[in-house]
Amino acid sequence: ACGKDDKADKNKKTDNKTAEKTENDLLAKVKDDGKILIGTEGTYPPFTFHDTNGNLTGFDVDLAEEVAKRIGVKAEFKETQWDAMFAGLDAKRFDMIANEVGIRPDRQEKYDFSDPYITSAAVLVTNKSNTKVKSFEDIKGLNSAQSLTSNYGDMAKKYGANLVGVDGFQQAVELLAQNRVDVTINDKIAYLDYTKQKPDAPIKIVATGEDASSSGFMFRKKSDTLVDSVNKALKDMVDDGTYKKISEKWFGVDVLK
Amino acid sequence: MISIKGLHKQFDQLEVLKGIDLEVGKGKVVVVIGPSGSGKTTMLRCLNVLEIPTKGIISIEGNSLDFSKNVPKKSIAVFRRLTGMVFQNYNLFPHRTALENVMEGPVVVKGMEKSKAREKAAALLQKVGLGDKMDYFPSQLSGGQQQRVGIARALAMEPEVMLFDEPTSALDPELVGEVLRVMKDLAQEGMTMIVVTHEMRFAREAADEVIFMDGGVVVERNKPEEIFINPKEERTRKFLNMIQ
Amino acid sequence: MISIKGLHKQFDQLEVLKGIDLEVGKGKVVVVIGPSGSGKTTMLRCLNVLEIPTKGIISIEGNSLDFSKNVPKKSIAVFRRLTGMVFQNYNLFPHRTALENVMEGPVVVKGMEKSKAREKAAALLQKVGLGDKMDYFPSQLSGGQQQRVGIARALAMEPEVMLFDEPTSALDPELVGEVLRVMKDLAQEGMTMIVVTHEMRFAREAADEVIFMDGGVVVERNKPEEIFINPKEERTRKFLNMIQ
Amino acid sequence: MYLNSIFADPERTARLMDIAKTSLQPMLEGAIMNTIPLTIISFIVGIILAVLTALARISQGKVLRGIAGVYVSAIRGTPLLVQLFIIFYGLPNVGITLDPFLSAVIGFSLSIGAYASEIIRAAILSIPKGQWEAGYSIGMTYAQALKRIILPQAARVSVPPLSNSFISLVKDTSLASLVLVTEMFRRAQEIASRNYEFLLVYTEAALIYWVICFFLSVLQQYMEKRLDRYV
Amino acid sequence: MYLNSIFADPERTARLMDIAKTSLQPMLEGAIMNTIPLTIISFIVGIILAVLTALARISQGKVLRGIAGVYVSAIRGTPLLVQLFIIFYGLPNVGITLDPFLSAVIGFSLSIGAYASEIIRAAILSIPKGQWEAGYSIGMTYAQALKRIILPQAARVSVPPLSNSFISLVKDTSLASLVLVTEMFRRAQEIASRNYEFLLVYTEAALIYWVICFFLSVLQQYMEKRLDRYV
């Protein structure tokens, strides 16, 4: 680097500084832009899905929108598949993920989470005609349809089931109905939504897990400023009853705990 | 003995053969001449049943097909083996060597043992002067050599009559001679032959009879020395003037 | 005036032209004969610069290219327009009508206005006797007609010299005449022509000189009446015997 | 059994009919707004790229030939999904952040460019050398002969295989949802994930694709006929 | 910037390197156990189907031609994903329940059968009529001429476009995960869904695909050369 390049170097440094600033202060950036980019699947009812008019809606969507409002920015949702959601967050195409993402230690290694906003139990689901499986202990050696993206797979493995990888709950149910697998472990709320839509589905809950798991909004690491204000907004919502209203709208009960 | 009676061939609207009658005695050599489009090729193709005539009867050595009725595929395949066809542009199988080209018929159609077929094919290639080119692919042979392989391939099926459709017209002038020589040898050995060609040397030296076709009919037939020097028909005279 | 000096052409190992020297006066007609592989086509292609000679000098009407040095692409394109080439197998553009084939050069290469080019092309087609076939595609024309379109296409570029590579050898015998007639007319109008052909009638009637090539060199050159009746070289005599 | 159960249960039949009806509009919207424009734009850009690549691959220049060769091999050798992934989620890491639609166009064009270049290369090589020479002999340059003589004839032989590519592209655009383009199949997924009738809704989407592809194959036949005019 | 950030952060670099290393084995396993066998079996079955379809489409029989035409149109016109979906999740509704691997083989074979039939049909039609006639003239039947004369020559012209299909198939097998076949890309998804490095792991999978496709294109070149022997 001779003299001539010095100036360019200097420019770069200052550039870097501003970049660093916005990088460390995501909240400031979001406020600057007046909008928060939220990644979501849009195909996971009742959390994030499209209503009959084609509009994106759901529990996570409503919550995220309310949070954005309280931060004072517009919520802009970006819909894509599960894998692309993570890559999109890494690539800074989204600031936050609102997709009922379970808070798990391995995820916390790479990402930041908000405080949990929902707690749900795991349920063991079988075909209606199945009389043998009565508890989680019974699934040892049986085939369990599990999505790659959920923590229920680990649970099934823990109880000794053989995992059959599927892309979502719907596929698992299809396999159960056709007796191609024996069981699936999944989110109780998702199960309830499914049976509401398809009351004649030949499936039933045979057991409910004791330890419930909780989900939250997900962020890139070092998003502290944004996470803090999101947490604050969440807390305010719980305090002033907004959260309860949204929860009851979707589930009829309060699902926070 | 070959006999053609009332042979007609129609393509869509176009009647190409308008009633051909012809008899060729065993061992005779007939040369067919005539202007382009007069139906020479079509007649040969009908004899090899590559075209199905509209009507007419063809018989070769007692086997006969009457095309006024529906002719079953099977009898066509059988009849086809009575004639050997040599094409203007050779139509050798490009993916087979000279030897394999000649063996193909005996092995596949006649079910001859490979070793026997190979022997036979080698002898035939020897006969047409290609003893040293047996393992060459067609693309590695000159036009004259390819045409001689074509002759050997047809001979391998031991046909009653050999049909030649302008066998030398795609050849360089200096390569014409080698093919004509093989054909003359065949004639001398007593092979019955019908040859469409404008090589007057061949007609003069090897033909028993020359036939002049025009507009789908046989206009004139005569000994070569007669027809060339003293054609009876005006149309024949005009045509001969044009090509000589 | 065309002059070729020390023209050599080598393909990989094979030396095809081994030093050709030739001069052709303005308005003269030269016929080139010789066995297959003797280099006749290669010589014509060198004159049209479809092949780049290994060494040698070609000059046409004062423009000259020396292939001992590196010749820029641009001068090749310019030089190419001095010669018009007529191919053995016509090489017409199949996706263009007869008229469009002839217009293509003037419009695309010379940038002539379309209407003017159309007029000119029509006149040329008239001249080669195809006034009524202008809107036909090549596939709809007989070989003789296609070859005449090929001649018109070359003439449309107003070359100094016309090169013909066996222009009639792919034609049916009765179609040969119509092409030769057009060529004879051209010769009479004073076009300089180099013609590779084995049509002895044409050589006798239209050539000022006949050149016999063999093994990449000019073996003998003479007036047609001399060379056919009384060739000086043994090789020439042998060749003439074979093709006649 | 399936059909049985449908007709045995009039309520279910009605539900399915209703879903089929109401899902038609959003899917068609997705097709018209995104699937079709994406397909057409990518195909056109891809074909231009393919011609250039084909020319590079048959050119004399070794460097040019090498670059084109690596491009074709890399694109043909790796999944389109990953290519789109890299364009949309990978490039921002090196400071290039592209629009969803633009990313999709780039991804699909690169893909068509690689596959079609092989087709066009073969087609160009199948035109007899004599056609080049006839062009040269009346004084044409390489570019002129290519444009006026060779490509129009190469077009004729390439129409059927290029249609194969075109028709595949129509359906491959469903990958665009990965980069946030709401094309038709994404709509189908949205609808099915709400009512869980995946089989029905996907089949309906397949039928719409079929209609589009049918029009394309009619276009193909028309082109073939038109270009065959002179044969 | 990305590269910068990787090398600026040695911990992250080490993590990525480690993921890349440990994910190689399961992916290769998926490739060897499923991706490759699935590709090869489906391609062979598909080609047989394609030849039969091509023959049906150029045959005289109107019914045969019609059936073949609808088959080709339906398969080319609809997404492979939906076809697999119907085979695996739809057929049980009418009482046909198939194995995952078998379902995948059927789906991919049907697909190759349709696309390749167009290629083979064009190749057969490109063999000069004189070759059929030369076969007939020495007494061959249709079947004999086809097998001994026409198909071997058609093979030559079809190798490049069929390789296109083959290479596409390698990557299309990633759809097999939909019907529960754990092929390579599924493995990649499993791995990435544990460590969330989708971009890295997918790119690694793409490289493995590339290697497989590279071998295929070497095979293609060998076949082309072998079949070009006599030209």
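Per-chain numbering from 1; labels A, B, C, D and E assigned in written order.
By our rule, contacts are C-beta pairs under 8 Å (C-beta built on N, C-alpha and C of every residue); 3 or more make two chains touch, one makes a residue touch a chain.
Here is each chain with its UniProt name: B, C = Amino acid ABC transporter ATP-binding protein; D, E = Amino acid ABC transporter permease.
Only a predicted model underlies this, so the values are computations on that prediction, with no experimental measurement involved.
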item	value
Smallest count of steps, each to a touching chain, taking subunit A to subunit D	1
Where subunit D and subunit E overlap in contact partners, by chain label	A
Chain pair bearing the highest count of C-beta contacts	D-E
Label of the chain whose CA centroid is most distant from the centroid of subunit B	A
Subunit B and subunit E, separation of their C-alpha mean positions in angstrom	47
Centroid distance [mean C-alpha coordinates] between subunit C and subunit A, Å	79
Averaged-CA centre spacing for the pair subunit D and subunit B, given as whole angstrom	51
Set of subunit B residues in contact with two or more other chains	none
Subunit E: positions in contact with at least two other chains	89, 198-199, 202
Overlap residues in subunit A, where contacts from two or more other chains coincide	84, 87, 90-91, 174
Touch relationships between chains, expressed as pairs	A-D, A-E, B-C, B-E, C-D, D-E
Of subunit D, residues touching subunit A in the complex	12, 22, 26, 85, 88-90, 92-93, 97, 177-180, 182, 186-187, 189-196, 198
Residues on subunit C engaged by subunit D in the complex (per definition of touch)	48, 50, 77, 80-81, 83-85, 87, 89, 91-96, 104-105, 108-110, 137-139, 153-154, 156-157
Residues on subunit A engaged by subunit E in the complex (per definition of touch)	82-84, 86-87, 90-91, 106-107, 110-111, 148-149, 164-167, 171, 174-175, 178, 180
Parts of subunit D lying in touch with subunit C, wherever the complex brings them together	128, 130-131, 133-134, 136-141, 144, 148-149, 152-153, 156, 227, 229-231
Subunit E - residues contacting subunit D, complex	1-3, 5, 73-74, 76-83, 85-86, 89-90, 93-95, 115, 118-119, 122, 160-161, 164, 167-168, 171, 174, 185, 198-199, 202-203, 205-207, 209-214, 217
